[in-house]
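Below you'll find the structure, written out as structure tokens, and then a few comments.
Order of writing sets the chain letters: A, B and C. Residues in each chain are counted from 1.
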Amino acid sequence: MNRRRIGLILEIAVPLLVVAALILWSAGSTSFYFPPVTDMLVTFEQTWLFDRFGSDVLPSLYRLAAGYAIATVVGVAAGVVIGSVPLAARAAEPIVEFLRAIPPPALIPFGILVLGIGDTMKIFVIAVVCLWPVLLNTVDGIRGLDPTLTATARIYGITGRDRLTRVVLPGTGPQIVAGMRTGLSLALIMTVVSELVASTNGVGYFVLQSQRDFAIPQMWSGIILLGVLGYLLNAALGLVERRVLAWHRHATESAR
Amino acid sequence: MNTRTDDNHRPTATDGKRDSVLEVSGLQKTYGSGARATVAIGDVSFDVAKEEFVCVVGPSGCGKTTLLKCMSGLMTPTAGQVRLAGTPVDGPPEQLALVFQDYSRSLMPWLTVRGNIALPLRRRRLSAADRDERIREAVDSVGLTGFTDHYPFQLSGGMQQRVAIARALAYQPDILLMDEPFASVDAQTRADLEDVMLAVRRRYGVTILFVTHDIDEAVYLADRVVVLTQRPTSVHEVVTVDLPADRDQVTTKETAEFTHLRAHIYRAIRRPAA
Amino acid sequence: MPRAHRWLPGTVAVIGVLALLEIASRTGLLPARWFPPMSDVTGRLVGQLGDGRFWTDLAQTLQGWAIGLLIAIVVAVPAGLAIGSSWWLYRALRPVVEFLRPVPSVALIPLAILVYGSGIETKVFLVAFAALWPLLLQMIYGARDVDPVALETARSYRLRRGDTVARVLIPSVLPYLATGVRISSSVALVLAVTAELVVGSPGIGRAITEAQNGGDVELMYTLIAVTGLLGWGLNAVLRRVERPLLHWHASHRLEEVA
């Protein structure tokens, strides 16, 4: 058997083995904190498929999507402007560096103060936190645009909307997506934290509430769900990236 | 033939007879400032007549690319002026196209061959049929038939270079500036492309300024050859090529006149270096 | 370009923004109840410097950050090196790591409260868990990126295993270690503050919540600004520390190859 084959088998088998081992090892568990994994999975099925899906998962996803979308649009727009005007970049740098260095959850008390504890506050803090990686990466991308490409656009009078959608944004695409990737994990973190701090529904709220009620399998099922969500969201962005940036993948591959 | 007239055309001191459309006068370009300043172009003046084919030859690094960037309005000269149809150039004029020496980096890697050629045509507001016809014609003339749906990374360097040329041809400019456009194609394709350029000039009456380091190519294509000196660059000589307008890769290059011109320019290029 | 020229736009922008905020809250354009004048906030910041409570909070946040980060380094560096330099381990564990990495560490907060209560242990656990992943990944990349030619060279000169590690492996993973520590450090700070905010472990994060609950808006802004300065400062310090290290690495490596 060749190494490729063995590698592939390992990649599939080991995770399955890990799960199986966890199930076996925890089977007779009487530990209060770590109930049998099978209990967690049964609770997971009962809770999330699809009993509390509408009441907790959807609100969480809505907040995440809204904040993330706002951050992406604002971040790209501001990044294009700042990146295209060197003076703006230098002027904005210290302010952006400072705001970005604030640990994101520290903004939640500010959000609560100004916007209350509803969805607006959560969407706001998610958006603010995801904004920085998108913005900074867009600025980098714009500044890194090949000067020959921008000169070509000037020569052929490609200006305005055409220039933005057919030259600048595609050329900045790889960096924008890199920023969106960082932003996505931040968005999920902020969704959970904001629901832990102040909420009446959402997956984060559910996990905290289960812990307070000592409903341990429920708590674990929520933690597992958050892990699955993180994994799926990341994978979904990867798929989008493969489609949108196919040219980039091929171009860098053939350059090697 | 082209029958447009320029209301504000004035004859220049450089040449009273010719109907010059591009005038370069006292052009100087210095990169950087202070101790690290590089004088890329010392003092260059020449002109190009309407529908003329002018080749520029000169040693590597003497500022040919810089010259084209100044002429196309991409760069502001440190001193001197470029005039197009009598008006000073201060930005890329609409009726001008430039084929970059850096051809592979001038193609949008996210667009297909068709997308790259079609992009500049959007401002031309052509009908879809006209546009497709122009693209097809340009692609055929550079020998890339069947590659319109390929991406640049799927093409060889020489093919990418031809896409950049096809893009300029489809744009149908009045003035075409080309910076060593045939540098990475094989000899046979190169000969074909040279004939394409002659045909394009004849058919559309384009004014062409063509930078090359190949003296044979310069003589074969040009009505006049501008020979540049080494840095700080000036015009060493402008050689008029008195060959018949109908040229042929074999018979033209056999003539004594051709051989003579070639040797003359060769010496002219060597002399400033010696 | 003159130095002043480079810093001028940024300085002007900072002063401009502060001045705008000041005017906006003085004139009532921004409700003063929520946005106290910047001069007051700055005044409070200076006042805090003489306050013992502030320094205790700061020390507690830094303590959680440091212990958690240290644990993450101790666990992740050897583990990452082992996984990255063994074909078997890499193949077997990569999907597990890939799956665990995007799990938001904050999802474990309720579990941590349950197991450790609301003291420093919870904070340290969360910080260590979250800081582990970036370091682990960087070390895996680093170990996989060791120049095979350098390894071959070491083998052909019959360097002993210890020497190979010291002269080939460590120099070439050092840049990855530096990057990993820097990323993990900012993640660690985020988690330390989060634990204080959510769980109520003592530190700057809890002080922010208390200020907000107590209606001391100026103090809240002051402390938020402090966390920003802290994050910025830690990052700047780490960049400073890694620069001579990497410089040493580059020159060392040149000698190694020669």
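Miscellaneous remarks
Convention: a residue touches a chain if its C-beta (ideal position, glycine included) is under 8 Å from a C-beta of that chain, and two chains touch if they have at least 3 such contacts.
Chain by chain, the UniProt names read as follows: A, C = Nitrate ABC transporter permease; B = ABC transporter.
None of the values given here were measured: they were computed from a predicted structure.
Summed over C-beta pairs in contact, the chain pair with the top total is A-C.
Distances between chain centres, each the mean of the C-alpha atoms, put B farthest from subunit A.
Distance between chain centres (mean CA atoms), subunit A to subunit B: 49 Å. Subunit B and subunit C have Cα centroids separated by 55 Å. Subunit A and subunit C have centres, each the mean of its CA atoms, that are 19 Å apart. Touching subunit C in their complex are the following residues of subunit A: 3, 6-7, 10-12, 14-15, 18, 33, 87, 90-95, 97-99, 101-110, 112-114, 185, 188-189, 192-193, 196-197, 204, 207-208, 210-211, 216, 219-220, 222-223, 226-227, 230-231, 233-234. Across the complex, subunit B meets subunit A through its residues 69, 72, 74, 91-92, 94, 96-98, 100, 102, 105-106, 108-111, 119-120, 122-123, 151-154, 167, 171. Listing the residues of subunit C that touch subunit A in their complex gives 6, 9-14, 17, 34, 87-88, 91-96, 99-100, 102-111, 113-115, 186, 189-190, 192-194, 197-198, 204-205, 208-209, 211-212, 217, 220-221, 223-225, 227-232, 235.
Those residues of subunit A lying in contact with subunit B across their complex are 146, 148-149, 151-152, 154-158, 162, 166-167, 170-171, 173, 247-248, 250-251, 254-255.
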